[in-house]
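Scroll down for the structure; my scribbles are underneath it.
Lettered A, B, C, D and E in written order, each chain numbered from 1.
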Amino acid sequence: MIYYIGSLLLIAVGLYAVLVKSNLIKIIIGLNFISSGVNLLIISVGYINNGTAPIFSRLGLNPNTMVDPIPQALTLTAIVIDASELALAVAFVVLLYRHYKTLDIKKIRSLKW
Amino acid sequence: MVGGAHPILLIAVPLFFVFLIVFFSSFFKGIVKYLPIIAFGINLIVIYQLIPEVLGKGMVISTTAGFKPPLAIDIVVDRLSLILAAIGSVLGFLVAIYNVSYIDEEPQERYYALFTLLVTGIIWMVVTGDIFNLFVAFEVTSIAAFGLVGFHRDQGAVEAGFKYLVMGSIGGGMLLVGIIMLYAATGTLNMVDLAQKSVHLTFGQKFLAYSMIFIGLGIEGALFPLNAWLPDAHPAAPSSVSAILSGIMTTAAIYALYRLTNLMFDYKQIYTILLFFGLLTLIFGEVSAYFQQDIKRMLAYSTIGQTGLFFFAFALDSANGFQGSIMQIINHSVSKALLFLVTGGMILRIGSRKIEDFAGLGRKMKFSSFFLAIGAFSLMGLPPFFGFWSKLKIIFAALQNPNFFMVASVVIILLMSVVEGAYFFKLLQNMYFGKPAENLQISEAPAGILISFTILGLILIFISVYPTPIINLTHQVANDLMSKSYINIALRLGGL
Amino acid sequence: MIRKVVYSIFLAIIVLSLVLFFAAFPFGKNKMTVGKYYIDHGVQQTGAANIVTSVVLDYRGFDTLGEVSVLFAAAAGVGVLLHMIGERRERKVKVPPNFVVRVGSRIVFPFILLFGVYIFVHGHLTPGGGFQGGSIIASGFLLLYLAYPNYKLKRGGLAAIEGLAGLTFVTLGLYGLLTPKVSFLYNFLPMGVFNTLVSAGILPIIYVAIGFKVASEFAGIIDDMICDVMCRGGEK
Amino acid sequence: MVIDKIFFTIITPIFAFAVGLSFMMIKLKVSARIERRYGPPIIQPIYNILKLLLKEENISHGVIFSLGPVIALAGSILTVLFIPYAGIKLFTGSGDLIALMYIMVIGSLGMALGAGESANPNASIGISRALTLMLGYDLPFVIIIISVVLYYHTTNLADIVAAQAHGHWTLWSLPLSAIVGFVVAYGALGEHPFDIITAPHEVATGPMVEYGGKHLGFLVINHAFHIYIEIALFVDLFLGGATNVLWFYVKMFAVFFIMMLFDEVYPRFKIDDAVRFFWKWPTIVALISLIIVLVK
Amino acid sequence: MNASLELLLATPFIGGLLAFIGGKVHRWIRNLIAIIFSFATAFEIIGYYNVTIKGIVWGKLFGSDLILQTNPITWLFLFIVTSASFLIVLFSIDDMRKEEDELKLDAYYMYLLFVEGAMVGIVLAGDLITFFMFWEIMSWTSYFLIIHGGKRSMAAGYKYIIMSVIGAYAMFLAMAMLYAKAHSLVYTDVANVLLHSSPAFVIWTIVLLAIGFFVKAAVMPLHTWLPDAHSEAPSPVSPLLSGVLIKMGAYGLFVVLYGLISVKLAGSLMPSVFSTPLLLYIIQWLAALSIVLATFLAIMQEDAKRLLAYSSISQIGYVVLGIATGTSLGVAGGLFHALNHAIFKGLLFLVVGAVIYRTGTRNLSELGGLIKKMPFSFVALLLGIIALAGVPPLNGFVSKWMIYEALLQKKEVFLLIMAFVGSTGAFLYVYRLVHSIFLGQLPKKYENVKDVPILMQIPIWVLALLTIVLGIMPGLAMNVIVKGMAFFGFKPIAYNLFGFPQGTAMGALTTINISAGLAIAFVVAWILFILFPKSRKVSQYDNYAAGQVVTEDLKYNYSYGFYMSFSRVIKPILKWSIERVYNYWVEAAKIFGDYYMRRIYTGNLETYNAYIVIVITLAAAFVLLGGKIW
């Protein structure tokens, strides 16, 4: 249970960072918090008490103690997606800094209404 | 290739071409710009082959990895998906032609790859039968879109792209949370399977999962108040991309919401909440559009408004509402894409996005102006254009049981249509009869642009004067949605 | 300040509701339905010892195709954003790299490459796979960038590798449509001997392709970012 | 029967003209007496008309300038044919009271057109005032017409006259309407205080400023008709018409005599004051009368 | 003639497209096509004279049929639409020649024929959806016609289209409500359903539909678009708008009031005033207010077309007033007046268009004395204004007479008074028109003005002739109207070729006697006139000017502020403007919209993210509170 709460709190912290931080890098870190939290959540969902990794490193392992492989696969996918987003976000920040000479999101408001 | 087409080709072929573009980009760059045309041309053939099968059986299922769902991901094309996939392919094809004349900025090969990927992702979102696969497609779409929004790399584009990215990422995260909640509850990811296994969940549980999914898809689908990125991002992107974003991407996200709502979250309460979202989106989009000076921004807000309209129609939760909603989706996709393509050509020529600078273009760019007018008319819902039929259907659906709230909603819809008319007529009037700037020397849009929007415009005219097949088709779709035949047919066809 | 408190309350509400949701599906409880099937039948059906890999590449291989596309989109997006108009200057660094780094990197780089290759080649047997291996290889290139100020990747070659790898993946998938199963990404090659390198049909091939692809994409991203900051010429 | 009709058709305008002319003659004398003058000879108007008609030197400003008096006269003659008098009802059946109201306008239209062509601003101002005044008295006028019509449930003037037989005059049954009708007829004649149209000494006899010679002669003849029409209509509507010509003449004369008295007493209204006047008291009184009819 | 209704409907649309394409070849091909197709449409309707066709399915929509029908009333309006369009096309050929932009001209003829087609569609519609469809087509095509008139016409057109759209959507709402109840929009089905509906529903339906019609017909509180649009539109378009287009509102009102709900039904639903159902009575009052106020405003105008535009509001008031009486005589009068108004207002606008064509101005105070230069136009205008003022012996008088009599029969005296006053007021402004354009002094710059080309005169003369023919022989029109009204369940009224014998109304009317009498009187007076010494022609400047000699360069004319004294009287009315009220609300709405938009799309990412979090929070709170958030 604590894993759930932990990962959910991680998401919340990420959201909080996105909400109140005005530094672009911190916002990106916040986004990463969110995705890490989600990934942890996914893994926690798949866990079975006293489970082992779902790898038949040799034949004859007890399949009943193995944890759910699907969340692990999903996490794998999600991590890559998060990494992609991160890369793109950083590229954006580089450009933003070049255009606005600032990393303060509150000053980057040329587009409105 | 048993039984004609295979729906997975809709995704695999463009992906193949995406990688082909990358492959060729290093040594055979000249061919790159034509590859998307071929890709979506093949897609159109596939769609063409799929049509009789889908219409006949109601659904075509394609499995992956040789396993039956829910073990493996399946691609499901029912009538609704087919409509959206067809729109996506057609738009992709036409915009690919458009690109040839439109994009002259470097890095072209990346643009074409991203563009192809964007459209592929949209089609993917529409045809997938697996909820996590939906998430992946969603991310393919949004990440391709992030890059494309920033394509011009100027101040506005970058800012819009970043905002879009932050909001889109939050949305993606929330969508994933929602999916995981469903997985935790059912242990499966296939939509049909989920729909069957999720029946034992309580309303509260479902609602919570739904709201997470709703946030994710709602951000992409431009539902108020989650749509703040849209009016920035759509204008900032190149017009060709705007056409795709406005025309089909938001629609695809909305489609996903429709599908999931219809399959798993079919509660009156949820629909009631969605009604409010639809109405708010409609009001805020249309009214904001009225105040815009920038034509693309205006069109972007108008997209929000249209989205609100068809979302409202969907939330009516009746066969007529579904039908109206899907008709409106078709209308919106075609017309709004047309508008963006045409304005893209005009902006290319006059070098400004301000509405007042469009004065006198009716004389200089006759074809462009004509199709702009057609598209605007259809969006406004003036007869005999297609938008009229769809709006008609929506209003009729809303007033099926005319209580006070419904009548008030219809009044709001009609008022918003007036607002829509107000800004579109302002534009048209300025364009046709405004006094052009001194010695305005411009010519008609380049050939590629002209061809693409002419074809799109002709499609719009065709469905306007002969709407019967689409009305019939959407009627069937609405019945499918009402009877939840998605589950039944999928079960019968061995989807599980 | 009030803002922050309000936000905190909002987030607390969200977390509370989600916690309550997950409380109904307790941690550590076996919630598998489909997953169980994979564990039970994965070995026979895919021939991969690593069930996660069999899920990632076979049962849910289509997701992985998407994943690859996402990564590719990100790389292309970074390329679009950080694309430079005009001449690329030579990269300049304020402090030249340390001697130790230069020599060390020369020694370590082959091993990093080898390790990466090992990881993605054995993806179907042990934890790891194309993504992990690819990232490791890309980190090797990062090391080279650190060590040699004038080091430059050949982007044309990278793109070719990237494209070829992607094409391999899709082509393998499409070939599945030609097999009797008529199914995308159908594992049409023989399963081979369980728990050996050449087993599990097309899975290792895909992982190798993914490995190359990921490596070249990450390397490309690294190249783009470093150059954007350090090689930018006269344009503003 | 047909012969009768043709005979009366010819004789009626002549009769009307004679009556109007006689009133004009009398008026000169009576007003002179009120003003303690001797006054011109009683047949002075005939002299005037003959002088004008036979003048050798006539000028015309254009076709419509010439046609104006002709149309005016034609309209007046037509109107006269529609007004029953002394039991003779010629065209009354083919156009009722409402039609009559509009037939009366034809004459004014002709005059207005003619005066307009003269291109004299004085004439234009005169027409502007005339039309405005017409709008002014029209309001109470239609109200009393409606009251009378509703009272008798017919718009046929002959029937209205018939219904007033044996002394059941509208004057007794609808006294308020009758008063207003009197004021309106008075205003329509353009006498003091409503003579702002011609406004002697001010805008040089108004619309007719350019007219002279036979044109003016026609207009004077037309004026004679005009007097007849207004008063005859009043008599028909409120005083029960008459069964013979003499009695009809007497009634008309009585009305005209009272009018003359007013004419000498009041100063002149400004045109907008005139309209305001008509839209105030006569209208209110007429409306009261109308409501009385409705309630009955 | 065995042509089907579909063909009749399609002819103008096809013609419009062909004209547009033909214009690419040569302008005369375009002109010829426009003439041929508009004539063909007018010709085709001959076959439907007094024919009743119950309903032809011409398409399907949502499983219900789209229906065309025709009956004598339809024919009446078809006649108005097609013949007026034909004449206007004829007029346009020369009038629009001054437009150099050939593309604009191509589009002009296309839209002209499209408007005609749309109006034909409205009239032929057998169900509300067809009706509405063509209604909207009419709105936007006519909008494009209006804004052909140049810069100022754009603002006018914008106002027009926005108000039209609002009106159309009010109709649409009513239609949708009906559809929800009836699941069909065919007139007969709708009528059946309305018969069994609650009073509130019926009233709402009528009110909403009436808003739509009133916008188009420019009945008073919804008229503000008309003066601008009609005056700023190109000369040939103005008669189309004033003469024909606003009649569609009247037609719609007629169909709704008598085709969908009968007067008896309306009477049973609401209290009656003067034996008129309350709602109809309110409509009548609106119409009467239109008559009086628009007349007063018309009197004040300095612009010839604006004057006529206000006059249109006032005259359409008579039409609506007549139609809303609900008695055979009144409705027949209203319909007849619709026809008459189309004729004389078309005539007037065309003549004014001809004057503008020659002089280039429509400012009344700049014109004058054109009678010598454009005598034919003058005569036509004279006939037009006599008809408009409702003076015998022309057609306007007959229809107004019928309306007056109908009101008298129903004892609706206050309305009657207003109608009368409006008619007298009309006399003022029409005189203003003829005086300021044709009478008075000729400005020097118009010395060389000629009458307009023959092609422009033909339509004028046809219409002028019609005013006389229908004025003398109203029975021609009554043939159609009475038959058509029988179709809608009205008692037939007695009529003959020359008017209405005793018993039709409270009085009788024989138009031939009036006209013959007038003719004889005129001849007599004329003979008398020429018996006396001949007159000598003098210049217009040779006149009395307080002893001064008038020279030609001196403007010695009274034409600006013609009714200044009257405007002093009605100043209290003029101060109050509905348009200002509308503008106020529109501005308020704009400010409000702008305000909220600035509060929501702030450009601040944090705000945007906060929206997301708030939505999630609301959902979470909803769940936590057990679904009791509202």
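Things to note:
Note that contacts are C-beta pairs under 8 Å (C-beta built on N, C-alpha and C of every residue); 3 or more make two chains touch, one makes a residue touch a chain.
In this text the structure is predicted, and so the values were computed from the model without any measurement.
Among the remaining chains, not one touches chain D and also chain E. Fewest steps needed to get from chain C to chain D, stepping only to touching chains, is 2. Put simply, the chain farthest from chain C by mean CA position is D.
Each chain's centre was taken as the mean of its CA atoms, and the one lying most distant from chain B is D. A count of contacting C-beta pairs for A-E and for A-B identifies A-B as the more extensively joined pair.
Each chain gets a centre from the mean of its Cα atoms; for chain C and chain E, those two points are 72 Å apart. If you average the CA atoms of chain A and of chain C, the two centres end up 15 Å from each other. With centres set at the average Cα position, the gap from chain B to chain E is 43 Å. Rounded to a whole number, the gap between the C-alpha centres of chain B and chain D is 78 angstrom. In chain C, the positions touching at least two other chains are 7, 11, 14, 17-18, 21-22, 25, 31-32, 34-35, 38, 60, 63, 66-67, 70, 73-74, 77-78, 81.
Counting only residues that touch two or more partner chains, chain D has none. Residue numbers of chain E whose C-beta contacts span two or more other chains: 597, 601, 603, 605, 609-610, 613-614, 616, 619-620, 623.
Inter-chain contacts, as defined above, occur between A-B, A-C, A-E, B-C, B-E, C-E, D-E. Touching chain A in their complex are the following residues of chain E: 597-598, 601-606, 609-610, 613. Across the complex, chain E meets chain B through its residues 60-62, 101, 103, 129, 132-134, 136-137, 139-140, 143, 147-148, 150-151, 153-154, 157-158, 161-162, 165-166, 169-170, 172-173, 176-177, 179-180, 590, 593-594, 596-597, 600-601, 603, 605, 607-609, 611-612, 614-616, 619-620, 622-623, 626-627. Chain contact summary for the complex, chain A toward chain E: residues 15, 18-20, 22, 27, 105-106, 108-113. Note for the complex: chain B touches chain E at residues 162-163, 166-167, 170-171, 174, 203-204, 207-208, 211-212, 214-215, 218-219, 225-226, 228-229, 231-232, 269, 284, 287-288, 290-291, 363, 366, 377, 380, 382-384, 388-389, 392-393, 395-396, 398-402, 407, 410-411, 414-415, 417-418, 421-422, 425-426, 429, 432-435, 467-468, 471, 475. The part of chain A that touches chain C in the complex is made up of residues 1-5, 8-9, 11-12, 15-16, 19-20, 44-49, 53-59, 63, 66, 68-70, 72-74, 76-77, 79-81, 83-85, 87-88, 90-92, 94-95.
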